[in-house]
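Two complexes come next, and they have one chain in common, chain A, joined by chain B in the first and chain C in the second.
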Partner chain A sequence: MNNEYDVIIIGGGITGAGTARDCALRGLRVLLVERGDIADGATGRNHGLLHSGARYAVKDGESARECIAENRILRRIAPHCVEDTQGLFITLPEDEEAGYGLDYQQRFIQACRDAGISAEAMDPREAVRLEPSVNPRLIGAVKVPDGSVDPFKLCAANILDARLHGADILTYAEVQSLILEGSAVRGIRVRKRRSGETAEYRARVTVNAAGIWGQAIVRMAGAQISMFPAKGALLVFAHRVNHVVINRCRKSADGDILVPGDTVTVIGTTSTKIPFEDCDDLNVTPDEVALLLREGSQLCPTLASTRILRAYAGVRPLVAADNDPSGRNISRGIVCLDHATRDGIESFVTITGGKLMTYRLMAQMATDAVCDKLGVSEPCTTHTALLPPTVDNAFTAGTPDGELVCECENVTMGQIRSAIRNFDIHSLADLRRRTRVGMGTCQGTYCVRKAAAALAEAQGSPADARPLAEEYLGERWKGMMPVGWGDTLREMEFMQRVFKAGAPSTFK
Partner chain B sequence: MKFDVIIIGSGQAGMQVAAALQRSGRKTAVIGLGRSINEVEVKPYEQLGGTLLIGDSVTGGIFDGDRLQAVRTANLGAYPLEADDFVIATGKFLGRGLVADMDGIYEPLFGLDVDYDPDRSHWFDADFGACQPFLRFGVRTDAQSRPSVGGRTVTNLYACGELLAGVSAVEGRDAIAGSAARVIGQLKPSDHAEA
Partner chain C sequence: MQKRNISPNNFEQCVKCAICTDFCPVLKVLPSYPGPKHGGPDGERLRLKNALFFDSNLKYCLNCKRCEVACPSGVRIADIIHSARDRYGEDRPSLRDWMLANTDTMGTLASPFAPVVNGALGLGVTKSVLDGVMKIDHRRTFPKYAGRKFTTWFRREAEAAQAGYKKQVSYFHGCYVNYNYPQLGKDFVRVMNALGYGVRLLDKEKCCGVAMMSGGMFDAARRNAAVNLASVGAAASEGRLTLTTSSTCTLTMREEYPGVLGIDNEAVRDDIVLAVRFIFEAVERGEVQLAFKEGFRARAAYHVPCHMEKLGWSLFTRALMERIPGMELVPLESICCGIAGTYGFKKENYERSQRIGQPLFDNIAQVRPDFVVCECETCKWQIEMSTGVEVRNPISVLAEALDLEATAALNHQ
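Presenting the complex of A and B:
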């Protein structure tokens, strides 16, 4: 790894990954640094909803137009990450009482059409035929082109494509400071978390794509940005209850989107402002769980009696408008800051705000800003260039690579080995983000030992399989605790029996 | 049909009690889904004359004051099974001997009194490897291994196995066997030598 680059990107979430890819495709020498694993922040802690934009149509036409444009692009460039589920916006009798009845539905449909989103009113009985799990009390439904997206795979595909185009990717490396010379940012000093070593990397431009943690990066450059961490909690159900995304046709609120993804269904989200110090250790509270279940059961009544797999939460990086230090005027749109014009700091760009859905557009804006500074005129091609597959999938049953490791998510030994070859993987959580191993309905109970053995062997230290497995089960356990009753509690008892039966302290 | 003792639950504790009492001369029946039955115990028990109603499950009881007279089962519908004494060994959450919902924990067949911490945040230790508090929850009994409903002891019902507070397979099988032995001690005819 050479220590001189055209551009350094800080942050291995979807925004940083997309920016690294765009910069690499335009011929720049790129280094991306990430303090943990790729996609282990907000990128992997959301619904995985491929928004049609309909949710924003009434209130924020610009966001709606951005969403539908990116929705179409992602279906084209990342078909392996996207599932075309379609979506319903339903109206319930209580929505009508609250002023969001069929008049509002008409307004909603018109706003969608104005933004270029196809929106088709459906007879409630027809909606039940399309999605049998939907609340049968509905009085109206609108069909829109929502879908679901696998954010882990999407992020990994961007990382891989960046690397295929020459980018260097450095994970588990935390930025400690920026190299400042005069009024310019000339690079970064990082601490490699696994070895403890420090290193310097220099670049002509540095891009801050660190999400909520980007406020601290801006401060390292001697400038200020006002960000507000907003926690969003979600629940995963143990099977795929619905096959069409279900939303409420009313003003956006908590717990009003139900997304089928892979083998599960996800309800979310809440929105709670939290202090910065909580961002690295998010807990889902009993109140959040109760709210999500109550609202989720309005969309789909069987959720009330469906096993909950786990609860999780992410942090939205909300940014205050520059002219409003109070933070009341918060933008949910894309914020791309050229710190030269804003703060007089050369060679430094911050890209933040936005959403998973608009990551590609954010990356394009950031890369345009970088190219502008470097005098590069290569056009953006990410709206047409296909993303690569992230792990090899073609393994023959009966061969060692074809052996099934994770039965819930259908992950083979070959996929695990391929992920270990393609990415920097140190834990089963890293491996889960690349392959979905242990992510399904048993939460790793059946496969964790096999997967741990495979990873430990690949790392050349077979004796480490046990601590790898313990670490993974501990992480799963944390997500199950907030929803530990009913069948989830039965599953928890089962996990304890499988790993500790007769010897409670052996897992210490 | 009337038995001396009906045992509800066909796991380790239930089968241990059933075999010992049958051997001691009492006429017993076991009702259970059989999910955790030890197959090698089936034939010896039946050869002793025990009645195994595997695949059936108790749906409720018929009480006469503080005494359980009979139980109804899913398969036998309108024909309750009577006995002088009953043993309940239906297990913890996995076996559905206990049921937890968002508001608390209960025993679903008879509403037996359960010892547990009402604050759900105390049910778990965040360390997966630690002893988990929820595995210590369970039915409360008196010194004769008899559970209660609303604080009143059911005079001819005995509880054992993982259903009990403080007993869990995760913490070892000995405690399960010990609780079953205590129930056998209560129900074995004292003037009757083992057959």
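Presenting the complex of A and C:
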């Protein structure tokens, strides 16, 4: 790895990954640094909704237009990361009482159409036919082109494609300070988490794509940005209850979106401002669980008795408008800051805010700013260039690679080996983000030993299998705790019985 | 908070302990079979995401339900597999499946010409035709069709006398008794009469549907189920329980109608009872008395059919058999005999079917019994064909061991 680059990107979430790819496609020499694993931040802890934009149509037409444009692009460039589920916005009798009845539905449909989003009113019975799990008490429904998106795959595909185009990817390396020369940022100083070594990398431009942690990076450059960490909690139900995204047709509120993603269904989300210190260790509270369950059962009554796999939370990287230091005026839109014009700091760009599904547009804006500084005039091609697959999928049953490791999620040994080959994998959580291993019903109880053995062997240290497994089960356990009753409690007891002996640290 | 999170989707109760995997006889001989865990609860979850996860190898499930008996979480694994075949299995039933599954139709067609059919079914040429065209394995001995149906015998020779008994039961005879082995039905009637019960046929009886389900013809099975449940309900409303002599028909009507076909049978489920259980309980309660023949001697081996294992009722048979003086009953190791209804009749299953049953056949050879006791007719075909040892239903054993006249006298009030 050469230590001189055209551009360094800080943060291996979807924004950083997309920016690295765009820069690489435009011929720049790119280094991306991420302190943990890729998709470890908000990108790995969100709802996975491929917005149609309908949710924003009434209040924020611009966001809505952005969403539908990116929605169409993602379906085209990343068909393997996107599922065309369609979405329903339902009206319940109590919405009518609260002033969001069928009049509002008409306004909603008009606003969608104004933004270029197809919105089709449906007879309630027809809606039940389309999505049998929907609350049958509904009095109206509108069908929109929502979808679901696999954030892990999408992020990994961008990382892979960046690398295919020459980018260097450095994970488990934390930026500790910026190299400042005069009024310019010239590079970064990192500490490699696994070896403890430090190193310097220089570049002509540095991009801050560190999500909510971007505030600290800006401070390293000697400037200020006010970010507002907004925690969002979600519950994962153990199987796919619905096949169509279900939303409420009313003003956005907590727990009003139900997204079918891969083998599960996820209800979300809440929104609570939290202190910065808490961003690295999020917990889901009993109140949040209760709220999500209550609201979820409004969308889909069977959720009241469906097994819940786990709870998790992420932090939205929201930014206060520059002219409003009080932070009341929070933008949910994309924020791309050229610190030269804003703060007089050269060669430094911050890209944040936005959404998972608008990452490509964000990356394009950041890359345009970088190219501008470097005098590069290559045009952006990410709206048409297809993203590559992330992990090989086809392995023949009966061969060593065809052996099933995770039976819940149908993950084969071949997929695990291919993930280990393609990515920098150090833990089973890293492996999970690439393959879904251990994400299923038993949360790793059944497969953790096999997966840990495969990883430890690939790392050349078979003795590490046990600590790898313990670390993973500890992480799974944390997500199960807030929903530990019924079948999930039985699963936890079983997990404990199988693993407790010799591993007390796992289950503190 | 949730009051319970045990959803109607029973597969959610699985904790992934994989105990069921150890008990699946198919997995032991066919490694490409997904097995009860991965084909059942795991697979169901994957199939909900995408129907492409349906594995056509699930057709090799014997529906022996040994996985369900073993499961500590009460997952209806075999039902899940069966329903998946109903919903996702794109293999349309072939002509052969029709012939094996529609035991009613085939029985009705064949019965008046029994000697001809039996002759034909025993002939090498016909067997090869069956093998080639229908893919029914030529090594199979086909169950013989009886000359006179049970129901014909009953109407002509027994029905008139039944009204003379104060207590009444209904009899679900099943296809096997009606077409292949009327003797068992006759034995049943003689035993019940001796115990003081008159026997009635149901208003209308159809094949329980088990063969249709295993052939993938779920809608046809649903039609039969509706007829049978209505008849059982009608009998119950007149105060008659419906007794059976086949463990498979019993399990099908009690457990699979709701579990696989999605038919609610709650109202009449407990009115369907296997005769051995009914008799044992009546004896226990002192409601009936048994008088046995003197000098009865037999060494019998007891094979627990899979469906008896699932019902959990084998103890009734054992206890009843053990009451017979002069009976030495040797329990066999409880494993599947491999036939699983019509499964073993299919050419592609024949070898596997025999390999699954081999440990059982070896066990029988070792015990060297006079006969094998077993409540299941298809086990009977399989065991008789594979070991040469005769298999008898416990009701027939009882009919032989009882002094019927003395018993009748005891129960005559």
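Definition applied: the second predicted complex is superposed on the first by the 499 of 508 C-alpha atoms of A that agree within 3 Å, B and C clash if a C-alpha of one lies under 4 Å from a C-alpha of the other, contacts with A are read in each partner's own complex, and residues count from 1 in each chain.
Rule of thumb we're sticking to: a residue touches a chain if its C-beta (ideal position, glycine included) is under 8 Å from a C-beta of that chain, and two chains touch if they have at least 3 such contacts.
Only a predicted model underlies this, so the values are computations on that prediction, with no experimental measurement involved.
In the superposition on chain A, contact of A:Ala394 is made with neither chain B nor chain C. In the superposed pair of complexes, A:Ala253 makes contact with neither chain B nor chain C. Of the two partner chains placed by superposition, A:Leu164 touches none, neither chain B nor chain C. When the shared chain is aligned, chain C comes close enough to touch A:Arg307, but chain B does not.
Contact with chain B, but none with chain C, is seen for A:Glu470 once the two complexes are overlaid on the shared chain.
Of the two partner chains placed around the shared chain by superposition, chain B and chain C are both touched by A:Ala290. When both complexes are overlaid on chain A, the residue A:Phe494 reaches chain B and chain C alike.
Contact with chain B, but none with chain C, is seen for A:Gly484 once the two complexes are overlaid on the shared chain. Looking at the shared chain after the overlay, A:Thr263 reaches chain C, while chain B stays out of its contact range.
On chain A, the patch touched by chain B and the patch touched by chain C overlap at residues 290, 293, 485-486, 490, 494.
Residue ranges on chain A touching chain B, taken from their complex, read 286, 290, 293, 470, 473-474, 476-478, 481, 484-486, 489-490, 492-497, 499-505, 507-508. Residues 238-240, 262-263, 289-290, 293, 302, 304-308, 397-398, 404, 407-408, 410, 440-442, 445-446, 485-488, 490-491, 494 of chain A are the ones touching chain C in the complex. Against chain A, in their complex, chain C makes its touches with residues 1-9, 11-18, 31-32, 37-38, 41-42, 44-46, 48-49, 53, 73. The residues of chain B lying in touch with chain A in their complex are 92-94, 96, 99-102, 120-121, 123-124, 126-132, 134-135, 169-173.
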